[in-house]
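Note that chain A is present in both complexes that follow, paired respectively with chain B and with chain C.
This part shows the complex of A and B:
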């Protein structure tokens, strides 16, 4: 391989911010080479809350995967393995912050307090998303890779233009994307613009090692977080399977942004344990031992080990969390199955705010055509 | 107050009025600030409204349109300038994939009141990528509306109407007509102006119908004037809106004249003329004395400047088509 000397494949141990080891050991604080110190101070209740979040989003994800396998969803993009990156960053957001997700941020969505059923219309095929970004501070899922990073940048520019930065109660934006997206021109344009306009934005890259089948080496010759240097803002790599480090670094980056200190790129080093989507077959491009090695770095088991060792939670709590997650998942299942198919004529709705005579004519023709079958055996 | 203005100055004044009337309107593009744009359409606006309202952007068209989407989600009304027609393609992904679809994706909850201004068409002796007519790509895309002005009065009011609209609008400006003068009512209220998405009879006639838009309206009007000397009365229709098309005035005209010639600079294959011809044929079949004929650019990349006059539809080619329609 021409890129044999690349640092990308190197073990990132020591090369990322980690506050909770895979063995469940707490690291008090980490100081980066740039001299920035990261730590968290959570109450026992907050630790238990993070654990509950992680278990819940994994359980809901499993239910969605099952629904897809049973033919009830057209497709599902699983977050399995990336729970800590999503819960940690999502919980780091303040209420006034705006998130621009890809199509996999179900965990972030959950931490925003949004009903987890919201994206299921998209995956079941009854709509294309259908929610209001401003109502939920969570933009509709964007499927074209990287396109949302520019939307996030523009929104962040708007925050500055509105004078909503420079204080602790200022607003900030988080833009989610993956390792594959970093090759997109639009993502690089988003970096340029955010740097130039000093926009209050955090670029949160979940490096899950694969863009469908293509490994990270096909996207980059340097660690992704170091790309930020070239655009003039800081880049930080975190253990994306560590919910504590993810929270600490994302919270700091968002607060820096809202206080007018400009963008940060966070590379959350993680692993997609499942397929890219339910249409994918990862056995064609990666070996089982690699997946096994990442199981040892599981985001949930390390937090559980920590909670047990510190006597923050016991079997009763864990059992209750599992039971609550199961109840939520089954309720979600029932509600997904009850989702009505849209009336076909509604496909003509919401193309233009001010409508169009062309669509009016086609809608009328569509209705006339279908009405012509009424009462027939067709 | 009526003044004689060039089409370019009319646009400039229309943009100024839009900036004055709504503090959420922002202009963004390459060189739109200090320079006032390479065609000076935004001349003086940054000086008067500040660099938060008239933004010189990095040289990245996808970035211009993509950040405009985010600004629109934030509540702004961005007016993007794409410097030349042939430079719009880096932004094509954002325009077709995002701008056109966000309202639909959100079930009508997220409006993107974005205007994308594009100087288009040839006739200025330019190098490659500076003379193209890409309107069909956008008119073909559901979720976008596409308009084009042909004269200073329309330019002045249509740009204001487009900015006031909540629909995403691609606004094509006939760059070789930027310097043509006409009477402009500078204070015409938008609610009394001719509607944005309506075509208009630009010259009445009885014998054949010329259908044109943007830079070709002038050519069609000149052809009609010349035909009058030969005793033929040609009606000229300025389409103004390319998506949605407003063809009722065209149907009315063709039912009267029985003959139609469609004129545009863009290549003919799968162009606006094909759509107009198909719909006129369907609506006016029994009135037609001849097929709808097209006079267009050829199906080649826009040619070198020294031969562009042979590429562009002109008065003689239009009249030749009219002759063929009468000889059918």
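This part shows the complex of A and C:
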């Protein structure tokens, strides 16, 4: 293959930053060719917290997939397989940092402390999935591929102009996107602007190997992280199924950004274990042996192995985590099923912060029209 | 809520209207948990497992495997509280009967063609998202208060069950409405009318605001044809219980459509040639001993494929398409070599892309891979699209030859019969030789007898003397 990766499911040629192997072995620290050293030091409690995050986001995702199959969601974009990339990077954010997600960042959303129910309105078609982006420092899901990288770049340039960077307690921005998005003009424009203006932003690319059905070798002839060189900022590739490496590299990149050292591209090398969305059938374009080889690199089982070997957690803890996740998932199911259908007139809400005379008139006319029907509100 | 809950087929992928029940993973009486996979459904987009929406006991399976059902149809009923004891005797109101009550369309229900309303052809118009629901507009405008235009609209039938009847051609109510102003019709209907040479002004529309729908147009076109009442069929005097009725669907249906389309569009000519393949069989044996071919399965089909590829190079016109739409013959400089394969799901013809560029070893690998994938039933649609020339290897079934039908879009197809030891005149003596029969069908619109004969003769020449042909032609 053009990008030097030929074996099915093999680790990428040229390596990546890995602090926890698929067998659950800890690597103390990794020093890259550029001389940057990455490591983490977590307390037992923090290790257990990461495990709980991973299991919880996977369980919620499974519930959502089931709800879609049962006709309760119009569509669902599953994060299965990408939990470590999302939890590791999400937990690396500091409270003041701003995140710009795609429509698959349910794991990052969870780490931001947002009620997991929030995106379900969007996928159920009863609201726009709107939460207060400023309150949670988490932008709404962006469906348009790659568009959020420009929003993030603009935001990052803005906080620089506001003088919110340049110190250890400064702000930073993270923009999420996938391997397919790197072929979009927007993403390249965002790279250009961020590079030129030294914007405090981390570009976090979850390379899950497929842009819907299009494989990576149709996106690039060089590893994606090396693209950053051409735009004048550093790029790092990490084992995206390793929550520790993801945390370490993202934390460093964000701190560099907040201190005024400009952008970083992180390529989290991972794999989408499920379909692109519930409307897609991956067996039509992927071979089973490839999926199998990635199962052996599961982000959760490697952390579990590590916790067991190090005697950081035992069966009781794992059982409790599973039970808590199940309870949360079932309560999420109940709440999704109870979501009220929207009133037609609510489409006029949230267009302008303080309304507009034209919209007010339209709303009044529309309300009258609806009142002209017999029966209940809907 | 009743303890028996009906599960209806959801829209599994953004705007689908139906799905085929592939396999039931449970039986009536099985105890199931929430989210346990219970049924496999194949839609136009994907085959997926559906997890149970409720835990309980399977009370009734409404639809057998192999059936295609519309989105919204009840497929299974689940007893969600089996511990409460046996169900009360007497018929449980079926989902259909309950649905029927709700479905009864209110007077002046949603206008045909509007979202949520019935659309031409029995479909339901939707945008994106949750599936076509035929239970719509239980409310109706208060008399005199509705600001919508209330032009008389023929009450279109609201489909509540899978549509089995073709839509009845609308009968215009007498007297015919006098149209004023321009003719209303959507662009695709206008295009169809133009293609059919029909003046839309001569048609009475039944769509919204009197616009002309596709059905109106098709009814108008069909109308002049004399309607022949089907002759009364005498009741069969034999035992029909011993007939098996198989639904026409899937690969069978596709094959039928393709073959009918091809057989009645392209004028087929078939020619035959019996050739002595002994030298080819010996070459094959020698190849097996070579290190380059040590780990690959070699069959006579490989040499036939090679012969076809070389012969196409000498006669490119056989590798072409008759394009009536553009009034052109499209001659291809690449060969996507189709190989007909019998699979459990039926006949498929996957093709090897750009086979003319492959070395013999690559061709052998591609043939083996193609057959293996076809047998596993995993051939992706992309492998079956874009074929330019096909081979059907009927010899593997032990027959000598056939008159193959062209795959649509291809100008020629070769049938490769069984290779048998036969008495053959060889160097003026009767010897036992390895003999086969080739059958070549071609599209006479593109290929004349002369070209077809030369092409077939070249394939035969290669198989008779592969080394000589290779040296002479390449």
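The rule we apply is simple: the second predicted complex is superposed on the first by the 341 of 378 C-alpha atoms of A that agree within 3 Å, B and C clash if a C-alpha of one lies under 4 Å from a C-alpha of the other, contacts with A are read in each partner's own complex, and residues count from 1 in each chain.
Note that in this section a residue touches a chain if its C-beta (ideal position, glycine included) is under 8 Å from a C-beta of that chain, and two chains touch if they have at least 3 such contacts.
Since this is a predicted model, take the numbers as computed values, not measurements.
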{"item": "Clash or fit (per the criteria above) of chain B with chain C on chain A", "value": "fit"}
{"item": "First, second, both or neither for A:364, with chain B first and chain C second", "value": "neither"}
{"item": "Touched partner set for A:193, first chain B, second chain C, both or neither", "value": "first"}
{"item": "Chain B versus chain C as contact partner of A:212, first or second or both or neither", "value": "neither"}
{"item": "Touched partner set for A:154, first chain B, second chain C, both or neither", "value": "first"}
{"item": "Touched partner set for A:69, first chain B, second chain C, both or neither", "value": "second"}
{"item": "Contacts of A:296 with chain B and chain C, given as first, second, both or neither", "value": "neither"}
{"item": "In the superposition, chain B vs chain C on chain A residues touched", "value": "B"}
{"item": "Touched partner set for A:345, first chain B, second chain C, both or neither", "value": "neither"}
{"item": "Least C-alpha distance (whole Å) that remains between chain C and chain B when both complexes are overlaid", "value": "14"}
{"item": "Residues of chain C that touch chain A when the two form their complex", "value": "7-14, 35, 45-51, 53, 128-131, 138-142, 145-147, 378, 380-381"}
{"item": "Complex contacts: residues of chain A adjacent to chain B", "value": "100, 127-135, 139-140, 142, 144, 147, 149-159, 161-162, 185-186, 189-190, 192-193, 196, 349-354, 356-359"}
{"item": "Chain A to chain C touching residues, read off their complex", "value": "62-63, 66, 68-72, 74-75, 125, 275, 278-281, 283-285, 369, 372-375"}
{"item": "Residue numbers on chain B that touch chain A, as the complex places them", "value": "26, 52, 57-58, 60, 62-63, 65-76, 78, 90, 93-94, 97-98, 101-111, 142-143, 145, 165-167, 243-246"}
